[in-house]
Amino acid sequence: MDSATLRIEGQYDQLQSVRDLINQAAENAGFSSKECYACQLAVSEAVENIIRHGYGREVENKIQVTVSTEPGVLNVELTDDAPPFNPTNNRKERQWSIDDPPIGGLGIEIIHSIMDDVEYSRESGRNHLSLQKKKRASSESTD
Amino acid sequence: MDSATLRIEGQYDQLQSVRDLINQAAENAGFSSKECYACQLAVSEAVENIIRHGYGREVENKIQVTVSTEPGVLNVELTDDAPPFNPTNNRKERQWSIDDPPIGGLGIEIIHSIMDDVEYSRESGRNHLSLQKKKRASSESTD
Amino acid sequence: MDIQTQEHKRVVVVTVQGRIDSATAGEFEDTLNEFTQQGKNNIVLDLSNVDFISSAGLRVLVTTRKAVKGAGGNIVFAGSSEQVLETLEIAGLDVLFEKYSDREAAIGSF
Amino acid sequence: MDIQTQEHKRVVVVTVQGRIDSATAGEFEDTLNEFTQQGKNNIVLDLSNVDFISSAGLRVLVTTRKAVKGAGGNIVFAGSSEQVLETLEIAGLDVLFEKYSDREAAIGSF
């Protein structure tokens, strides 16, 4: 199992390096380019949320990103010092029509729809978010 | 002095070979590409007129095109058996505004504005139209 | 001569390739008439690949312009070749047609 | 992120290159707001060179769509990258935006 850790300041200009790390790891795990993109998106959503909602503003607060891979599996763990927030709670079923589409609340849904497993824990005053995605067998041929 | 003669049926599908001949001759005379195009246009107008107005319809009536060149000079002579028509007569000064532009009568004006010399004669029951253009000194540098 | 047409919501685009002279002006005219008779009077002409046009072609342009302007439309150019511009200039008719750098800008002009 | 805008008579074209995420969505939104505040509600978006868009970008798309639709306009796509389509699909929002193959067709749709 390969793994890597990145510590970033909680600032939006750090997002791309997080995505680059995730993309590299997803490629290593043998994911299709579509799956690699989806993983970047899910993790970006989570990190954007930590910065925007967790830390509340763009200040110098650290976020730790740890990725580990084995063939066909990508694990990402995000750790931050912001107030507790559990994105696996409070998910409301949304009903929307084309005339009244949702304006917000997309980020968490995106994370859940991309990742196979989303787990949250609060430990030693920190938020830990674990995301796991497994390669789809069917996508091997299409990408 | 180089010269060449082309005899065509008075049909529109022959126009391009006339223009090719003129273009080649104009190039030989050392004309700029703009001048070459203008010569093709003037002669095409004359031949299109012979077919449309002279012979009146697309029938098998011959038109003879003779080109001769010397450096800086292109001479074209068009001969046809259609009823007499002298395109150097009856040129009316046109006044037009942008709201009421001319619909017809452009062909003969185009010929006169391109060619330096336009001469008509009727000989042995044939129309002879002689067109001459001289290379402009000023255009050498611009093309 | 080769003619392609494309209909957008309010604008039709007519793309011509090759030569417009007495041999082909009729077909060119038919294409344009078909649109104007359907009340499609916003016309973009792409003549960037026309390598020869004589007054037979200009006549079509001028009559079509008259028709569409009379119906509240317009006919504008989206790119035209050197040759088309040269013929228009020699005939003194270049002022009649608004010229745009590309099809996008021409479509957007309506 | 790089934004270019082009104003036609009835349509504005906004071309974005790069990434639209929380770092850049604000600038993207400002650009669009500037147009809608001027009553320019027919918007063509060319996102064919956007290589990443997160929900921060989608939010701008959805709010702008709401604004322009409310004002009788629309916001349509003229070409969008695989990545943009993928994000839209994952979010289930791909049905919201008419997609045209190129800018010409998108401009012509108004």
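To keep things simple, chains are lettered A, B, C and D as they appear, and every chain counts its residues starting from 1.
Keep in mind that, in the parts below, a residue touches a chain if its C-beta (ideal position, glycine included) is under 8 Å from a C-beta of that chain, and two chains touch if they have at least 3 such contacts.
All values reported here derive from a predicted model rather than from experimental measurement.
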(message) Among the chains here, which has the CA centroid at the largest distance from chain C's centroid?
(response) A
(message) Can you compute the centre-to-centre distance for chain A and chain B, using the mean CA position of each chain? Integer Å is fine.
(response) 75
(message) How many angstrom lie between the centres of chain B and chain C, each centre taken as the mean Cα position?
(response) 25
(message) Based only on mean CA positions, could you tell me how far chain A sits from chain C in angstrom?
(response) 54
(request) Using mean C-alpha positions as chain centres, tell me how far chain C is from chain D in Å, no decimals. (result) 32
(message) I need the residues of chain D touching at least two other chains; which ones are they?
(response) none
(message) Multi-chain contacts only, two chains or more: what residues does chain A have there?
(response) none
(request) Kindly provide every pair of chains that touch. (result) A-D, B-C, C-D
(request) Can you check the complex and tell me which residues of chain C touch chain D? (result) 6, 8-11, 13, 103-105, 107-110
(message) If we count contacts the way the header does, which residues on chain B are in touch with chain C in the complex?
(response) 12-13, 15-16, 19, 34, 37-38, 40-41, 44-45, 48, 51-52, 98, 101-104, 106-107, 109-110, 113-114
(request) Please name which positions on chain C make contact with chain B in the complex. (result) 19, 21-23, 52, 54-56, 58-59, 62-63, 65-66, 82-83, 86-87, 90-91, 93, 95-96
